[in-house]
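For clarity, chains are labelled A, B, C and D in written order, and residue numbers in each chain start from 1.
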Amino acid sequence: MDPGVKCGIVVFPGSNCDHDVYHVLGHVLEQETLFLWHQKTSLEGCELIVLPGGFSYGDYLRAGSMAAHSPIMAAVRRHAEAGGRVLGICNGFQMLLEAGLLPGAMRRNRDLRFLSVDVHLRVERDDLVYCSGYRRGEVLRMPIAHAEGNYVDTDEALDDLERSGQVVFRYVDSEGNLASGANLNGSKRSIAGVCSAEGNVLGLMPHPERCAEDLLGNGDGLALLAGAVQAGGGAELTAAVGG
Amino acid sequence: MTASGSLAGEPAVDAGLASEHGLTTEEYGGLRDLLGRVPTYTELGIASALYSEHCSYKSSKIHLRRFPTRSRRVVHGPGENAGVVDIGHGWVAAFKMESHNHPSFIEPYQGAATGVGGILRDVFTMGARPIACLDSLRFGDIDGERGARMRHLVDGVVRGIGDYGNCVGIPTVGGETGFHSSYNGNILVNAFALGVCRRERIFTAVASGAGNPILYAGSRTGRDGIHGATMASEAFDSESEAKRPTVQVGDPFTEKVLLEASLEAMRSGVVLGVQDMGAAGLTSSCFEMAARGGAGVEIDLDLVPLREASLTPYEIMLSESQERMVFVTQRGQEGTVVSILSRWGLQARTIGRVTDDGRARLTFRGRTVADMPVEPLVDGAPVYDRPARPPADLARRQEDVRPEAPDDPLGALKGLLGTPELGDKEWIFRQYDSTVRSNTIVGPGSDAAVLRLKGTPSALALTSDVNPSYCWLDPRLGGRQAVAEAVRNLATVGAEPVGMTNCLNFGSPENPEIAWQLRECISGMADACRAFDVPVISGNVSLYNETEGEAVRPTPTVAMVGVIDELMELGVEGELNRLLGCGFWRAGDRVLLLGRSGDEFGGSAYQRLLYGVEAGRPPSVDLGAEAALCALLRRARRSGWLSGCHDLAEGGLIVALAECAMAWGLGMRGSFDGGPLSLFSEGQGRAIVTASPARVDDVLSSAEAAGVAASDIGEVGGDRILLGFDGGVVDSPVDELRAVWTEALPRAVG
Amino acid sequence: MTPDAKPFVARVLVYPRAEVLDPQGRAIEGALERIGFDGVQRIRAGKSFEVALRAASSTEASEAVDRMCRQLLANPIVEDYSVEWIRA
Amino acid sequence: MTPDAKPFVARVLVYPRAEVLDPQGRAIEGALERIGFDGVQRIRAGKSFEVALRAASSTEASEAVDRMCRQLLANPIVEDYSVEWIRA
């Protein structure tokens, strides 16, 4: 693999996809990858910060709400504000919302049950570093596994989000069409993933790290992580996306 | 010790109180003799827990001895928290199955959740990292008004299992779910967990080295679950309501950090022994750990972290509060463990030490409240050879009831697919995270789940099986069949069985007819284990599953683990998850039927679910023919000949073909040499395989060489199932079958 | 329910029973402490429901709410409930 | 917190904001109807927390609880909260 970026995976008590992300970044993509304990206050020079899935602190209040106050989150915030890459997957996405690094909030899934299934996603942007391996409109298959992935915000906020092109992935059917049957958790406007205005912070509910190897029958998620570790980006990224 | 061990407010101990604790007159007498005095209240509580069926296996021990427990792969057989087998490349797998039937009936959500928690702790106390769970569930009638409570139980159990396993981050990759009115008053919730670790990292629960400290870690001790072990050893009656406060509440977050912290502590090199507090809490963990080390223990109960200060020694020793562990470390090194645990936000505290006098001595506020010999209480618990005799109505049960041939085989097929029993179980398993840890190649919905083993070329396969109707009609045959089906399910993915665990769910062994069922089932299972050379490495017995005299169907749940040595021999990477599943996915593949098809309808789904008849002799199980079929399947898999495989089970050939078609929505066209009734026969030792036309001859000629009947019955393709048989044809769009099948369970659970 | 039913609004509070583990309460205590609230002594975490219903009388309304609590809103095995009236 | 802090107990109620769909409330309404409660008009499903804390004064206590709500107990995008005092 090409020299990419140094990756840090934040481990919160209750994270449980930390090792899965590590496996893809460290072993499949062969990047320098380390775990960052939630009590750290420095990111140790990591350029890509991943907030992994799981049930941080048990998620006993709202998913991600307690982790959002972890000591390391101040450093993650500074990193994000400086244009650094932050990728939140599932519980990590929930943390980014709770920490205010991405707009919106999560409610419990529409039918109030945990959902562990494969879904189809439509790629809404291909100008983000994360999506550089995808084409706009492309349909991906990825697993979801969550109880609180029902994305919501006010209508005005959602309009703003759409206008500024911050919706990155939507739940669709296998043909790429919006359909309520394909939006299993009930998210507003079928939103599955959003980015910050500058495009450097991305959060999504599906798990790209669980579908990054052919051996597991699905490699659709690999390009997302491969994009995330691409060298360069940084400043150019901000310029290219324009915010 | 004198009676000074009694505390103010404690009831006086006598034979009557002992009997309320479930001890027989003889057991109580034996206890008094052992101590040489009247036991204290705390001691009585401890003895009643250790003598309970749940902890002592007093009614089943004598039968369990029949199981083969050794093989060249077995590292630890029964007796540890979980059995351990070698799975190659320097790795071992630790696994076990446990019941949580009674708690789940009382409080389905917490009962099932804490069942998962308990089995996970059994695995990680061995030093193994849990990587997969299975759950085997039996419910009663869920239809109509009368089924309302049962639907509530289904909902609660499934949520409980899901919420716990999902939070800890262990995928639930398979299981089984059955429905039968015999479970109306007593559902079954059996949870299985498997963990892996490097061979040299395995730990055992041993207390050794006089003077070494005993540390308590995890949640504080509360009043919950007091007497759970005793409760699991009693039949239900109207008083069970009153036992409700004994339900434990699970905290999966604490479990997750306890898991990580414990594994880290075990890697630190200072830990000598680890034991979780499961049934009978601190009592069983201290006594069993001491017994294994031939040691004694001294515990200061004032040091046990409590949720409420008012807990008595009796309550402290019997509490079943969840997410608690005991560590024994080298003397002077306890600080290492304390600091690892505290990094994970957990408290650890020294509560006592190991001694060398073989006694358990407990003190509380300056008084000795228990002083008992360890070994005789743990290993010397009574063993009963309960009277056993076949049920009076056995002959009537087994009377052959010839089924009627279906006028409308397609209608009968739809009828079966539309029952919760044979319907799609996705409504259940989509509530379980089945892909976390990113090892799942084949998840729930197939014959066997398949997990890659990172860092090795191999994979593990898992399955859980039993047919309670077969076991009720002929327990010996039913026991055999359960093992045979498990071996066959593993063979469908090319896996060699390496070990088995089980959960024996029966009614009261004090009823001679149930004792007979238990004995016969175990014999049948043991015979089959020998025939297939599969060791039993762990297990659990759950007796007294009955309510007001009505026992559950005998349900000896089998969970089996297999190894695929070289995963890549089976096919190319991107196709493995499809070709190891049991669905048609490649048009043009040939469909072959392996195994001899005879008419077998005793206890069949056809009779039971369509006609309400549960009678006859269950399908015969020819262990030699099964072994030949399984060897053939494994060979064909390893040779990369197969693109899919599905064994024939409930509902027979036509149901199996429908399942293959519904998996990916791809149909088949072919013909079967038999009448309409034979489509539904449950003759054992059969499987459907698919292969590209170029491979058909290889499969057929190997089958011939192996003495396994084989015929080409059709071709994969199109969007219909079209199967000709003697006198007619079954013809249906796959979508129509799928609609019936997928709706069955969601509709039933409302 | 009679045609002349009147509107009532109850508030139902459901908490884990005192002797039962309250993992959520413990977790919140921990989180509050971590973010610097040092005066917190104890958190009990529970559910609250606002139930608007029509009933012929306050007795009937209160009986109905009580039944709801026992049958659905609270799990008596692990939870206690209490009812207050917002509109009686 | 000063040494002469006094004990306070607040009750915090957190409900989905009016304009946000309350799937749990809807589910409970459905379930109540199915089991035969026909007078139910509307259910709001929320959370309640009992917060026991020590503070120097009631003003201080109420400020602390307010901050807890904003920082942790409620998410303003989807939830509203209210505070009542059980022991003020």
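Structure notes:
The definition used in the following text is that a contact is a pair of C-beta atoms (placed from the backbone, for glycine too) under 8 Å apart; a residue touches a chain by one contact, two chains touch by 3 or more.
From a predicted model like this one, the values you see are computed outputs, not experimental measurements.
Looking at A-D and A-B, the interface holding more C-beta pairs in contact is that of A-B. Centre-to-centre, using mean CA coordinates, subunit B is 41 Å away from subunit D. Centroid to centroid, with C-alpha atoms defining each point, subunit A and subunit D lie 30 Å apart.
Computed from the mean C-alpha positions, the centre of subunit C lies at a distance of 11 Å from the centre of subunit D. One inter-chain figure worth recording: subunit A and subunit B are separated by 36 Å, centre to centre, where each centre is the mean of the chain's CA atoms.
Residues of subunit D in contact with two or more other chains: 35, 71-73. Touching two or more other chains at once are residues 251, 253-254, 345 of subunit B. Residues of subunit A in contact with two or more other chains: 57-58, 60-61, 65-66, 69.
By the contact rule set out at the top, the touching chain pairs are A-B, A-C, A-D, B-C, C-D. Across the complex, subunit C meets subunit B through its residues 16, 19-21, 23, 26-27, 30, 75-78.
The part of subunit B that touches subunit A in the complex is made up of residues 159, 162-163, 166-169, 251-254, 256-257, 260, 344-345, 429-441, 452, 454, 567, 573-574, 576-578. If you check the complex, the residues on subunit A that touch subunit C are 57-58, 60-61, 65-66, 69-70. Per the touch definition, subunit B reaches subunit C in the complex via residues 106-107, 109-110, 219, 222-224, 244-245, 247-249, 251, 253-254, 307-308, 321-322, 345.
The part of subunit D that touches subunit C in the complex is made up of residues 1, 5, 7, 13, 15, 25, 28, 31-32, 35, 37-55, 61, 64, 67-68, 71-73.
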